[in-house]
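Report on one structure; see the data block that follows.
Letters A, B, C and D name the chains as they come in the text, with residue numbers starting at 1 for each one.
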Amino acid sequence: MPIGFVQIPVGIVGPLLLDDYEYSVPMATTEGCLVASTNRGCKAIYASGGATSALLKDGMTRAPVVRFGSAKRAAELKFFMENPDNFDTLAVVFNRSSRFARLQGVHCSIAGKNLFMRFCCGTGDAMGMNMVSKGVQNVLEFLQNDFPDMDVIGISGNFCSDKKPAAVNWIEGRGKSVVCEAIIKEEVVKKVLKTSVSSLVELNVLKNLAGSAVAGSLGGFNAHASNIVSAIFIATGQDPAQNVESSHCITMMEPLNDGKDLHISVTMPSIEVGTVGGGTQLASQSACLNLLGVKGANRESPGSNSRLLATIIAGAVLAGELSLMSAIAAGQLVKSHMKYNRSSKDVSKVGS
Amino acid sequence: MPIGFVQIPVGIVGPLLLDDYEYSVPMATTEGCLVASTNRGCKAIYASGGATSALLKDGMTRAPVVRFGSAKRAAELKFFMENPDNFDTLAVVFNRSSRFARLQGVHCSIAGKNLFMRFCCGTGDAMGMNMVSKGVQNVLEFLQNDFPDMDVIGISGNFCSDKKPAAVNWIEGRGKSVVCEAIIKEEVVKKVLKTSVSSLVELNVLKNLAGSAVAGSLGGFNAHASNIVSAIFIATGQDPAQNVESSHCITMMEPLNDGKDLHISVTMPSIEVGTVGGGTQLASQSACLNLLGVKGANRESPGSNSRLLATIIAGAVLAGELSLMSAIAAGQLVKSHMKYNRSSKDVSKVGS
Amino acid sequence: MPIGFVQIPVGIVGPLLLDDYEYSVPMATTEGCLVASTNRGCKAIYASGGATSALLKDGMTRAPVVRFGSAKRAAELKFFMENPDNFDTLAVVFNRSSRFARLQGVHCSIAGKNLFMRFCCGTGDAMGMNMVSKGVQNVLEFLQNDFPDMDVIGISGNFCSDKKPAAVNWIEGRGKSVVCEAIIKEEVVKKVLKTSVSSLVELNVLKNLAGSAVAGSLGGFNAHASNIVSAIFIATGQDPAQNVESSHCITMMEPLNDGKDLHISVTMPSIEVGTVGGGTQLASQSACLNLLGVKGANRESPGSNSRLLATIIAGAVLAGELSLMSAIAAGQLVKSHMKYNRSSKDVSKVGS
Amino acid sequence: MPIGFVQIPVGIVGPLLLDDYEYSVPMATTEGCLVASTNRGCKAIYASGGATSALLKDGMTRAPVVRFGSAKRAAELKFFMENPDNFDTLAVVFNRSSRFARLQGVHCSIAGKNLFMRFCCGTGDAMGMNMVSKGVQNVLEFLQNDFPDMDVIGISGNFCSDKKPAAVNWIEGRGKSVVCEAIIKEEVVKKVLKTSVSSLVELNVLKNLAGSAVAGSLGGFNAHASNIVSAIFIATGQDPAQNVESSHCITMMEPLNDGKDLHISVTMPSIEVGTVGGGTQLASQSACLNLLGVKGANRESPGSNSRLLATIIAGAVLAGELSLMSAIAAGQLVKSHMKYNRSSKDVSKVGS
């Protein structure tokens, strides 16, 4: 079917010291300075003792839209779906879609007589959209018995929400929810990042918090998470269209130890990744997964490969945020001296 | 610098009949059925006489954040920047950054004593971020004379807004703003798309409008624009991280001729593309641009190559929306007969 | 303390036929035509057999923000709070705040080392903010034992979210979540509302769905819910500052019976009302509550008075939407005849 | 028509020292401690030398939705409306609606073949919705000549956007856009507000910026602007339903002079007020406007009364933010000593 291939250059950043392991992280990008910049962030993290992550949630979602003759009936199905007594039955039906599928819950939202049911489920090491869609179909078939008047309008009703910026993902998570943090020492900020803790903290408040607030952003309280997410997604065979919500990120920078050190964190509620299926099977992408030690399904602990991949992505985003924010903050100092030199050019090159 | 390459399979869809020309559109994706599905959309458009597009706006943006000692002073700079009398001077300073740069306007937003100035400018056939950043630096330097108390906090203050979902892009546009439309005849809806006009119209209201509203979406009132945008971005050497806002899209479907025919449109306010610089210079990406006839800078009419690329992307999104929505709508009919067969499996495969 | 009073005129609309009961609904407003317009909506509903409502949820929320030395620790508290095993203990501690308080759940969200814990609880017939705040304080005190390193930054961290437009309320609800619907017969649409079913359906898609989408609205997919909510809030002693989120509403209009009749619904996820405490105790406000039969605490079924009040508000919003949308749709017809007469003036008077 | 009145208690706060004038600000509210709290904020501002404001914009908006047979045609009208050459003609037609109406511009947004035209105009001392609606009708009639195929679907298409939370208001403003600021001295923070500069700055970042970001807020980056806006709106005869967007506010707190003093600001882009028409004519409301010296139309400088009212509201919001944030920050200190006493009760009473 394909008539050929495009080639995307791959660079390696690292070692990314994360949760006491060292990772060499592949990034596929045509922007060379993105690799260099992220690498500088890794260096700063390494010199400060490494980054730490926590996985907050792991569940893929799909939300069909069904319609009834009345809102009253739609509400009845909502109550049925959310009744704890029915959960086990629904889970059995749903989980038939795959031996890895594990229904976690159903969040129902109503618009008149239309009901949106957001199924959330564990999907092992797969990104999981197909698995969830099949599970949803199982349940819809099952429900037709008790709710014969239910009209299935679409297997996806956009309350999922896939490949669109949507508050439901930002607030409730989709795929993997991860927080990653590091404490960057004062001397590292100065020597490696060429800026100061106070400049970074200030820039973060004005750009990543206030600036994004003024812009009416949804889940975009960061400098350039999307750059790193896209590059790793492409390198490792993920679906690059899903970087829309996988890049949701709030970057926080707070002073520690009387302002001498920097606490930086990225919180990313909806990283959608898998280590089996789709583009992960292609040769070079597979090699990149292998490089990270997360190739294929984890047999001992299903899902732990894809979860690890998500935390590595968050770790790389942490490095990327640290470096670009430093470049911008350093540009500021330069500018205050009225000369725009290389360092500020670097800023414009990396983009954000 | 790069240690190697990943290869992304490229498929061709088309002919996409758009504004009376036929295009073969390259899509780089690991999801084979995405190509097949978009192709079906192209076929339906072709059989109906083609699609039409209109370019609504063309301007790249960058918004630094500067700080003063008081909001009063920040307001003074805002008034200065927005005063028509000063525009010519600012434009001269700004446009020095490139012979293609054309300042169009500056939109200033205040948060206390901090001022965000969103510069918008024409950038020829380049995507234009570097050009705009340099122009912004020129202006910031220039302003230091009259506003010596201006503290440049960051060359980017996130009011730009780059690679983040933000209402400012959705409402004011960024890069190319395009609308693309087609009238799909009743018989084509039936024979090619295997569904009905009324099913499509209804699904569009419940999924793309109401569903996205319920999900708290920002600019995601579509089925899967991101799929098509990503695939063409990667094939043609665009920055895939920018698909976050380049995928903003509202898909409308309305009945025509007493409900016999279908009017479908996609409105995309912030498609960020270029045909020079960055990844467009790589061999295979360059070949893909060539295939579309938009490679490099257009010498006769600077910017027309990149604008044409944007309209082709919108045209392909139109095809993609048409096909996936039809698959979902057809799935519905199947489901009402209580059997989930191939057509509904296709739905889950294409994703969204 | 008060130096005097302002007087707000009160009009009565109705009978509002809702769930087989008739209500005379007081509206305090300086806009006379708002009362007349809403009354017309009530008339149309009455003539069509009445409206029906369903209460989807009932819980007030408060979300303190606490900070730890690390995101890891913040995550530990999140896991603790969301662990079902701990719920009973937390509920006992929380519910000491009032004999009506019933903890329903805690939704925790992280931003780096800061944790936002959104407590949701039933509050009887009170709006419940004080009750919830006290319950939260109880729990925070309790948690200090096991999490002595928890730093309470604020009893409210804006993840609540009170008196601000926020997706968390729109998606998860706050106060009462209500859907209300009616089927308006063709002849009623013509004779009472002076328009047609198809005009209303079309206007609703283009204005309340597409228009609000284009405007980047959050939960404002309606014509003028805020008008009705404000007027009843003021009449019945509610907190008018809370109409910000209490007015969140998606209005749906769908054709029934081959387009002859109209199904209209309003879905409102966050109506925040009480029938005891605050302004409900003032003489005239108390009389208005009495008029609706929801004054004070319901002894037999705590909370049912405030829930009924919420459904009546939704019913009145339904009437208001029906009438204003009809006026706008009728204005269209008039305009197509090139004369802007009384009916279109009415439109501008009612506002939206 | 009205069957009676509800009475809302009015308290006075002040003197609010703003732009070198002292104001006694009436607040109509059933929440007594709101008045006391705001008064404390006024006291702190007074003791620090007063607050300063700047009016950034003044223009009311209305956006009809019209439909064409094609997006191409809709785009043609968009280009026509936005063409500077046509502005004078459109302005003459529009401004016939009132001797105070002054068309400022038209922002057009497209969704397929539907066009939303957001007219913005100066309205003297009136809030201006009626004036703008009439002007819009004038223009629509006028346009029918050159665009006879234009189908006016609704005089309001929700891109206005009135009484709904919408990014378009947040980003482009509606009514009056105001920023108000003050520098609060260290000793005042300690003695009057019972907290510290660093606590306030920190709380503001975590609650008003990060917390609202996490909640998916739109324009709600404040503690309780809605409380103050509602209370003054009701006291002065404004439309309380418009507090939805009039309460949009970002509150910034930044340390000055090495962290000894506090710079606080509120930026409010869409305060919708008038001093003539509507509820301003009622006796007690009129008296409240008189108390502020902004009653009726300003003959010498049309519009300056309503603009002054907007700045006073912003000044009062500044006071309200200062006081509630201090109460919350102080509550934190108390809590760290494990005793929840009066001051923290005050917090829960004021709400937000």
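Definition applied: a residue touches a chain if its C-beta (ideal position, glycine included) is under 8 Å from a C-beta of that chain, and two chains touch if they have at least 3 such contacts.
Nothing here was measured: the structure is a model prediction, and the numbers come from that model.
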Graph separation of chain A and chain C (steps between touching chains): 1
Distance-maximising chain from chain B - centres being C-alpha averages: C
Centre-to-centre distance between chain D and chain B (centres being mean Cα positions), rounded to whole Å: 33
CA centroid of chain B to CA centroid of chain C, Å: 36
Euclidean distance of C-alpha centroids - chain A vs chain B, Å: 22
Residues of chain B touching at least two other chains: 109, 111, 114, 167-168, 170-171, 210, 212-216, 218-219, 250, 252
In the complex with chain A, residue positions of chain B that touch it: 1-12, 28, 30-32, 35-36, 63, 65, 67, 109, 111, 114, 116, 129-130, 133-134, 137, 140-141, 144, 151-168, 170-171, 202-203, 206-208, 210-220, 222-227, 229-231, 234-235, 237, 239-244, 247-248, 278-279, 282-285, 288, 328-329, 331-332, 335-336, 338, 340, 344, 347-349, 351-352
For the chain D and chain B complex, residues of the former touching the latter: 52, 54, 56, 70-72, 74-75, 78, 109-114, 167-168, 170-172, 179-181, 216, 218, 250, 252, 254, 263-267
Residues of chain C touching chain B in the complex: 167, 170-171, 205, 209-210, 212-216, 218-219, 221, 250, 252
